[in-house]
């Protein structure tokens, strides 16, 4: 209801593009070059291809994802070569140099919405925006304000908004406490986000119980779709099983995956995006998804 | 006098809608998903229906209230399905993660008035705005400034403003001290609010004496109507008795109730909104209101 | 010289209205509902009428003053009923909850000049603005900046500005030191204020010496008129004697009085405003003023 | 090169007026009523005339100076009576109440450039602006930013800018260290100032050596003219000798003098401005300048 | 892709001018008069000519460089005399008075982009902008925001942007750690910079290993060109060898050199800029570059 009539068509078209007309979101998270500096891209256990930022774009264009999420500059540098991708511009970011023990996290807006609209006008296929809020931080108020205003204005321009909402700061003892994750989902709803990305709630030693806890959070998010962060790289089957649970037990409306994809070689990463998309967008089973990942089965979407 | 001639009609119409033409306000407080995260909506003693945010809207549309108060995004997500409700947009909010012992409270503006006007233009029935001020906080100046400017601009657009005014912070020893509550009411008047929501003053162990203390605050509020926050859930009769005292002894011009309503099942909550409205808007007695709550008596307004 | 030619007539007319064409200012200070909360309006030694904010307006309309100074919202709520008064809008205010021992004082702008102009356009008789600066506070720079810009823009709109200038903060040992008061007066001049309201300088145990010290401050204020704050309520004769000294020994160009007026009953307060005005605006003697206060002599202006 | 073609004539005319067509600046510093409150204007060793701020204007109009530098309000109050003077508006100022030991100095912008342009449009002969930067303060970044933007915009309006650059703050051990003064001069150049006012560098016990150290700073200032602050009042001959050294040994392009002038009686002050101007603008010798000061020789400039 | 179609020609022309049509950047860093005050320009081991800021411009006009980088004011003062140079305006700067041990570094924007555009309109040949970000500082968020927005707007005006990215602050233990430098390069890419200036990574006691580590950073920078800061003055051959390694082993796309050039006499400095340019822009060998530096060989570019 906050999308004006004259941009509703744009909004719907962006929504359909981002969700591949399924209402579910497969978000390829490529914003870690700021958040984690080069540690996610070079070193032991990481394919050497990942040190070149073009790796993101090669994966996304040969593989299958809903949106490629990254900072404005990253997208500006490569979008001319990869014009067909759906881009989601991450509006704020911080490095991990200052730890929470030193000071509570604040991730500031890196540019204005106008700067993104200009890029869209220049032909970049921007379908949405992302913003991170650290609930419970001393700087919570600044981030809630920036997020709330951003969503209102983005909708007025026909763009989707995905909020990353993470409880973090001296006041937060257990960042993945189920009640807290459900609260985070509710905050995103109240700010008007289309999707909220949260860390999966953690219930002691039981992944399935975590997925059930996730269902509470998904309900608390109401009409705001909930997706989980993918976390650090694990073996593909475990990853796909966990995602299947998130969707079918936890009622997640998709996934947001970064390292699990881009730390692999191009070929392997491409296959993994297809497996994830099959599972997220086409209700494939875990076995089918694993078969796609292992190259034993084809998958494409259009 | 700060409503320009050309919007006075809009203002009056919003005022009459919000008060159901009675001059008294029945405000259904649905802003706690940010303030209290999910703790008010899921857990022991709370009806399971409350975890789904649509619960608010179902109650308000089947029951009876003056305005549904919530954040912009919450309203934006559901207003298309519930177009007939009167909405009051809460302009600022904070979570309860950072406690006053850690730092004084600040609740920042979540979006601009322009963002709300845009939503109104898109057809959402916004009749007013809400804003919380923590008097005595280290950040008092910021909140007074934001509130003062908001009221001036809201009136210029024909919108009502309700201020939530709570003394809180290291400098505040007794948040419900009667003199402080009366002072809070006067501050709201000086800023130009239409209504002020305060915590009921607390006089040791005597609810009736509290209502008399409230009468001092109501007088100090002058032409700004005073309503009390409903607080945590209690049994319905106690709640209605207390509200009756607030209105008939304390000269409150209505009520602002959240948890006492939405933590109940849909059916029970609907009946309670009617009981409250009967008491607030139609001068029903406590017994009549209880009868309405218990389904032994009908009530509707219009 | 900073009033543009096309608004000079408005400025002069406001100046004459505020000073009743005498060049002296009788300012009725009604801004304490924020500054002192309800403590100045309800309690021992205060007439019960003072708890109702309309008391201010009844006194001013039945009595005699140059301007009624209060916050925008207070004026907006009552100006329709009291359209003939000259209003001076206090632009900033703070409560007294946070003490100087906790942190240095900052009083923030509560609304923009534009908000006031809108109210003036809607028919409220606003002749000027007020702003408080705490010299020596850690936040001095913010207040000097806000005051300096306010004066420039107010003059450009034909409005007078009265600055309240109080040295206060950890760095200030003696707030009423004569040299400091003279300095405060000079700061107001340098910012371009029309009048400066200061606390009367305090010379140990000698009211007359204080008035002579005030003369130094008045001279240091140059073309900016100096008036003294009235302080807490004392008996009427003492008050009038002190004021007579301020004007005739201290060369004050008027007075700024609040509690001494509004804490009395309507009738008594009305007579006191006449006594003060006789002394300030018509060079009455103390005895004549006391006679007016006691109802033994009539006084009116215009 | 940052003065647009269409205002270059205004700029040149202001430059010639301020420097009396000599390229050297005689700046009469009248901004101390904020900086030093009333201590520079009233008390032992200060002529009683100095307590009245009009003293500045009488001296400048009867004597001889390049520009009278003061805050906007001071100039606005008197410019109508003294229209022929060249005014330089000091854009920021702070009082000396908060000492550096309590917190690092910050001097905030007191009004916007637009406010000054309005005053110029109203007929006040404003030829330039002044701004103080405390290098090494915790607030250095704010002042550098304000100064840098001010200079760009002032030049775009044809106004000169003089920067007062003083190293000060917890990080600064020796405020008059020659290398630091030379650095301060270079910063002013890099910000684009026309003139920089610094404290004369101090070389242990040797005024002449200080003047030679000043030559290094003057060279480091490049195309930005350097002038020295006059400091506290000393006997006239010493003052004039020191100034002669600054110009002829230290290559200063003028002087900025306040207390040494205005703390004297009108007559004496007028003669001192002439002596200073003779020395600064007309290359008079110290003896000639002393003769002018002592009234044994005439001096005027046109 | 963030350069609008109608300014793409300007952007390309600026890019070609700055890189002398080679894609490599030879940046002459003249911004140290703020960063290091006068210590880099006067004293032992520094040619006396360096105290006069015109030295920069004489070197650049007689020698050979891609862009002269300096603050707006410095360029404004001399550009009329040296109109043919390519200027890169450094947008932020701080002095070195406050040490990191006292507080984390923040370098604030000194003027707006509009101020630079005005100067460009007035005829100054501005081809690009520079901005410094201190990653890991408590003020990182402010600098990332300013940089991100600056790049978007600069590109919209056809200007290049070079980011200086230095990890620094209490949270940073080893400023030249190879992983950190690679991360810094990635941040610049994500913000959209055209070039990033980093400190060369430091691998214990082995310059060649450092150059190999630099290659990782260059790859991590993706389509953002990487250049290294020149550091303090060393003998010319060592300097040129190190630069040759940076380019041919470390894949640096140029260099950014200040002190190594301007601390020498005019003649020597001119020859060094030619040697550096030969090496950077024309793939000269170290021996050829040394021969040019020693005047045994000619070099010019056009």
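Order as written gives the chain letters A, B, C, D and E; numbering starts at 1 within each chain.
One rule holds for everything that comes next: a contact is a pair of C-beta atoms (placed from the backbone, for glycine too) under 8 Å apart; a residue touches a chain by one contact, two chains touch by 3 or more.
On a predicted model such as this, the values are computed, not experimentally measured, just so you know.
Chains that touch both chain A and chain B: there are none. Taken over every residue number at the interface, the positions common to chain B and chain C amount to under half, indicating a different-residue contact. In terms of their C-alpha centroids, the spacing between chain A and chain E amounts to 36 Å.
Between the CA-based centres of chain B and chain D the separation comes to 58 Å, rounded to the whole angstrom. Viewed as a network of touching protein chains, the structure reduces to one closed ring of chains, two contacts apiece.
Those residues of chain D whose C-beta lies close enough to touch chain E in the complex are 1-5, 135-138, 140-142, 144-145, 148-149, 151-153, 155-156, 167, 169-172, 179-180, 182-193, 216-217, 219-220, 222-224. If you check the complex, the residues on chain B that touch chain A are 31, 33-34, 37-39, 41-43, 51-54, 70-80, 93-95, 97-99, 102-103, 106-112, 115, 118-119, 121-124.
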